[in-house]
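What follows is chain A paired twice: with chain B in the first complex and chain C in the second.
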Partner chain A sequence: MVSVSAPYIYVCTRMRVRKAKLLPREEYMRMLNMSIPEITRFIEESQYKQEIDELGTAFNGINLIEVALSWNLAKEYQKIQEIAPGALKKFTQAYLRRWDIQNVLTILRGKAQGVKSGKIKEILIPAGSLDIKELDRFLAEESNDRIIDLLKMHRMYPVLAQGYPSAKETGSFSQLENDLYKQFYEEIIRDARSGSIKGGASFLAYIQLEIDIRNAKTLFRLRADSTEEDVRDLFVPGGTLTVNDFASLNAIKDQNEFIDQLKANARTEALRALLEELKGQKSIRDIEVRLTRVQLEQMERMSKRNPFSIHPVLVYLEKKKYEVFNLRALARGKESKLPSEKIAEYLVI
Partner chain B sequence: MALRDIKPTRSELINLKRKIQLSERGYKILKMKRDGLIMEFFKILGNAKDARGELLRRYERSVEMMALANTVEGAIGVKSAAFSVKEVPTITLKSKNIMGVVVPQIDSSKVKKSLVDRGYGVLGTSPVIDDTASSFEELVESIIESAEIETTMKRLLDEIEKTKRRVNALEFKVIPELTEARDFIKMRLDEMEREELFRMKRIKARSTS
Partner chain C sequence: MVAEAIVPSVDVGMTIEQIKATQIGMKAVGAGVAVGLTGIGTAVAEMGIGSAAVGAVAENKDMFGVALLFTVIPETIVIFGLVVALLVLFV
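Moving on, here comes the complex of A and B:
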C-alpha cells in the first residue's frame, strides 16, 4: 500500500469538498430561464457576495458581476496556493503561472497602446504568483522596459528580455505570447519530470493531456482559418504527439481524413469518440467547447484514479475556472439577449 | 433682360444670334451630360444598394459576434485581445473622373488578416476571438467600399442637380430671353428700315414737286 502524508489527504479532501460546493448542472439550467436581475441576485447571494460588496463602489451592472467573479477566482486560487503543502504547492504554483503571463502581457500591450493604468487594472486577474501589489507596481511604471526589468527574478524574464525588443519594433506581441506559453509548458514538464518531487508523474500525465488538447484546438483553429504559413511554431511541444505530427496533420486537406489521422493518434476513448462525432462539424467554437468538456471529463477520471495527488487540486482549479466562466457567460449572454439555447451551447458543465 | 435696355443695332443682333447659337449648343450638351450622369447614377445605385445591404449584414454579424465573444471570453478577455491590435487600417485616396465629376477611389491597406498576423497569440485566446476579429475586419472592408460608392453617388447627385438647374435655366430663361431680344431687334431694325424707306420716298416726292 502506498503511504500518503496527512497534509496531502487533508488538502485533497478539502479540494473535493470545495468541488462539491460548486454549482451543479441543474442550477445552470435553472439560471438559463432567469432574467438578468434574477441572475445578479443569485450571484450576489452566493459565495461571490464579498467581492460584489467590495467592488460595488467602483463598478456597476454587468461589469460589476464580471469583475467580482474574476476577483473571487483570483482570491480562491491564492488561497489554494497557501494551503497546498510541499509538492502540491509547487505544482499548483507552476500551473497557475499562466495567469502571470496573461497579466504581464495585458500590461505590456496596454502600456504600448497608451491605455490608462486604471483601465488596464480593470482587466487583470491576479490569480498567479504575481499578486495585485506587484501588478500595481508594474502599472505605475512609465515604460515597458522598466516593467521587464522589474520581472528579472521571475521565470518569464529570459523569454521577455529576448522577445520584447522585436515585439516593440513590430508592434505585435503574438510571437512573445506564444513563446511565453511554450516556455510555461516546457518548465512545468521539466518540474514534473525532475524526480525530486513526489507526484511528478501524475502531474506530467495531466500536463500532457492539456498540451494535446491545446494543440488539437490550435489545429482546428488553423484549419478553420486556412493558414498557409509554417505553423510549427504555434504548437506546444511536450505532449504525446510531437509538433511535427501536428504540422503534418495540418497539411492534410480533407477534413475527414485529417480527423481519422488525429483519432488514430488519440490516447483516450472519450477523445476518439468525440473526434468521430466532429466529422462534418463546421463550427470551430463548438469543437473547442466539446474538446474542453472531454479534457475536464478526463481530468475527473484521473483525479478519481489518483485521489491523493495533484489531480484533485487541478480538477478543482479548472472546475472553479469554468464555474466563473459559466456564470459570466450566463450574465453576459442574457445582457446581449442571446437565446438560452445558444448560451447553453457555450457552457462548460 | 428688359427689352428697353437693348440697343436695336445690327451688331447687337449678330451678337445675340451668336449667343443664342452658343446657348443652344450648351443646352444640348448639358442635356446629354445630365442624361449620361443619370444613367451612371442608376448604374452605381445598384452597387450602392448591394454594398449597403452587405454592410448592414456584416454589422449585424459583428454585433452578434461581439455579444458572443463577451459571453464566452467576458469583457476582460475581449479587451485584453483588443489591446493586441495596434495597426490601424490606412487608406489611399485617389480620384477618377466620371463625365467631368471627380469621384474618390479608395485603395485600402489589407484589413483582413490571417490568424497568425492579428497580433494576439494563438495559445492564449479562443476561436470566438478569431471569429469576432474576422467579422470586424470584414465590416471595416465593407465600410471602406460603401464610403467610396456612396461618396461617388453623392457627388453624382450634386452634379446632376447642378446640371439640371443649368439646363432648365438655359431652356426656360436664357434662350427664350435671347430669342425675344433677337426678335425685338429684328422687328426694330425692320421698322427702322421701313421708316427710312418712307422718309426717302417723302424726300424724293418733295424734291420732284
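Moving on, here comes the complex of A and C:
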C-alpha cells in the first residue's frame, strides 16, 4: 500500500539534492589554504553567488562573507518553509523557532552593550517566525523593555517577561537563554507528541537525539570549567537523562568514570563508540565537534530509515547551518591569521 | 464423430448467436480489465518516481533527461496490459 504522499516525496528529494550540493570535505581543505578574497571568490562560485553579488557594493572583506552567509542561510530556511507541505511545514517551523530565541537575545544583548543597530542587524538570521521587518522594528527601539513589550503576542513573552528583569540587573542573559531554550524544547516536544499530526514520532526521535547531545555537551563543558550556577538549571528535559542523572553525572570527578556512566545512558551505538574514544580526551572544542558529528551521522541514518519524513528536511537544515558556521569560522580564522590546523579543529566536517 | 456422440449436450438456455456474442463481450471486458488495472499499477508507481523527479529537476535542471527516463519506466506495465488486451481481442 502506498503510505506516503507525492508532496512528501517531492520535498524530501529536493532536500536530498540540496544536501548533495553542500560543500564536501575536500573543498574545506582547499579553502584552508586560501586568503579572504580568494574565499569570497570561491563561495561566490558556489551557492552563495546571489548574496555576494547583491552585498558586494555595501560590504567588503570579512563582513561581506559574514553577511552573505547569514542572508543565504535565512533565505534558504524561508524557502524550505515555503515548499514544505502540511505536517512537514509545521515541524520545520517548530524546528526553526530556535532562531527567534537567538535573534531576540542577540538584539537584547547588543542593545544592553550599546552596539549600533546596523552592527546587530548584520548578525541576525531571520529564519524563525519573526521576519526581518519585525526584527527591524525591534532594532529601531531604544530600550530593551520596549522590545519585550513588542513581543507581547509572541510565545516567548511569558519567559522573557519573567526572566528579563533579573538579566537586566545582572547584565548576563545566560539564565534567560537557558529558560527560553527549555521552553522551546518543551513546546516542540508537545507539538511532536500531539498525536493528531502524522509523522510526529519521527520528529520526536530527532528532538530527543538533539537534547541528548546537547546535555552531553553541557556536561563536558561543565567539566572543562567550574561554574557558580546551579547545574540543574542547565539541564534540558526530554531526552534520555533525568535531571537527577544529570546532577549526579556532573558530580563525578574522574573523567573516565564519568564517560562510563554517560555511556550507560547513551541510546545509540554511534554515541557509545564515540564516548569510548573520548576517554582521556581533554580538548573541549574537539569533544564538542565530535559530538556534533555523531549527531549529524545519526540524523543521516534516521533520514535513510525514514526517507519520506521530516528527517531529510532536518538533516539538510542542520548541515546547511554547519556549512555556514564552518565558512564563518574559516573566514574569521583567516582574518585573525590563525594557522590552518587550528582552524580545521573548529570545522564540523 | 464418436466423441460428439458421447458428450451429452447441455441446455444453457442460449442460442449459438447469444453464446458467441457473450464470448466477444467477455473478451472486451478482459481487455478492459487488463488495460485498466495495469494503468492503475503504472499510476501508483509513477506517482513516487514522478514527484521525486520533479523535485530533483527543480533543484538541478541537468537531471531532466534521466528524471524523465525514470518516470516513464513504469509505462512498461501498462504496455504489458495493452499487449494482453490486444492478444485477447484480436488473436
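One rule holds for everything that comes next: the second predicted complex is superposed on the first by the 343 of 349 C-alpha atoms of A that agree within 3 Å, B and C clash if a C-alpha of one lies under 4 Å from a C-alpha of the other, contacts with A are read in each partner's own complex, and residues count from 1 in each chain.
Please note the rule applied: contacts are C-beta pairs under 8 Å (C-beta built on N, C-alpha and C of every residue); 3 or more make two chains touch, one makes a residue touch a chain.
Source: prediction; values computed, not measured.
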item: A:34 touches, of chain B and chain C: first, second, both or neither?; value: neither
item: Touched partner set for A:18, first chain B, second chain C, both or neither; value: second
item: Partner chain(s) touched by A:270 [first = chain B, second = chain C, both, neither]; value: neither
item: Which superposed partner A:7 touches (first chain B, second chain C, both, neither); value: second
item: Which partner reaches more residues of chain A (counting touched residues only), chain B or chain C; value: B
item: Chain B versus chain C as contact partner of A:174, first or second or both or neither; value: first
item: Doubly contacted chain A residues - partners chain C and chain B; value: none
item: Chain B to chain A touching residues, read off their complex; value: 67-68, 70-72, 74-76, 79-80, 83-84, 86-87, 114-124, 126-128, 130-131
item: Residue ranges of chain A in contact with chain B within the complex; value: 63, 66-67, 70, 101-102, 105-106, 109-110, 112-113, 115, 122-123, 125, 171-178, 180-182, 214, 217-218, 220-222, 224-225, 227, 229, 231, 234, 236, 284-285, 287-288, 325, 328-329, 332-333, 335-338, 342-343, 346
item: Touch list for chain C against partner chain A, complex; value: 44, 47-48, 50-56, 58-60, 63
item: Touching residues (chain side chain A, partner chain C) in the complex; value: 2, 4, 6-7, 9-14, 17-18, 21
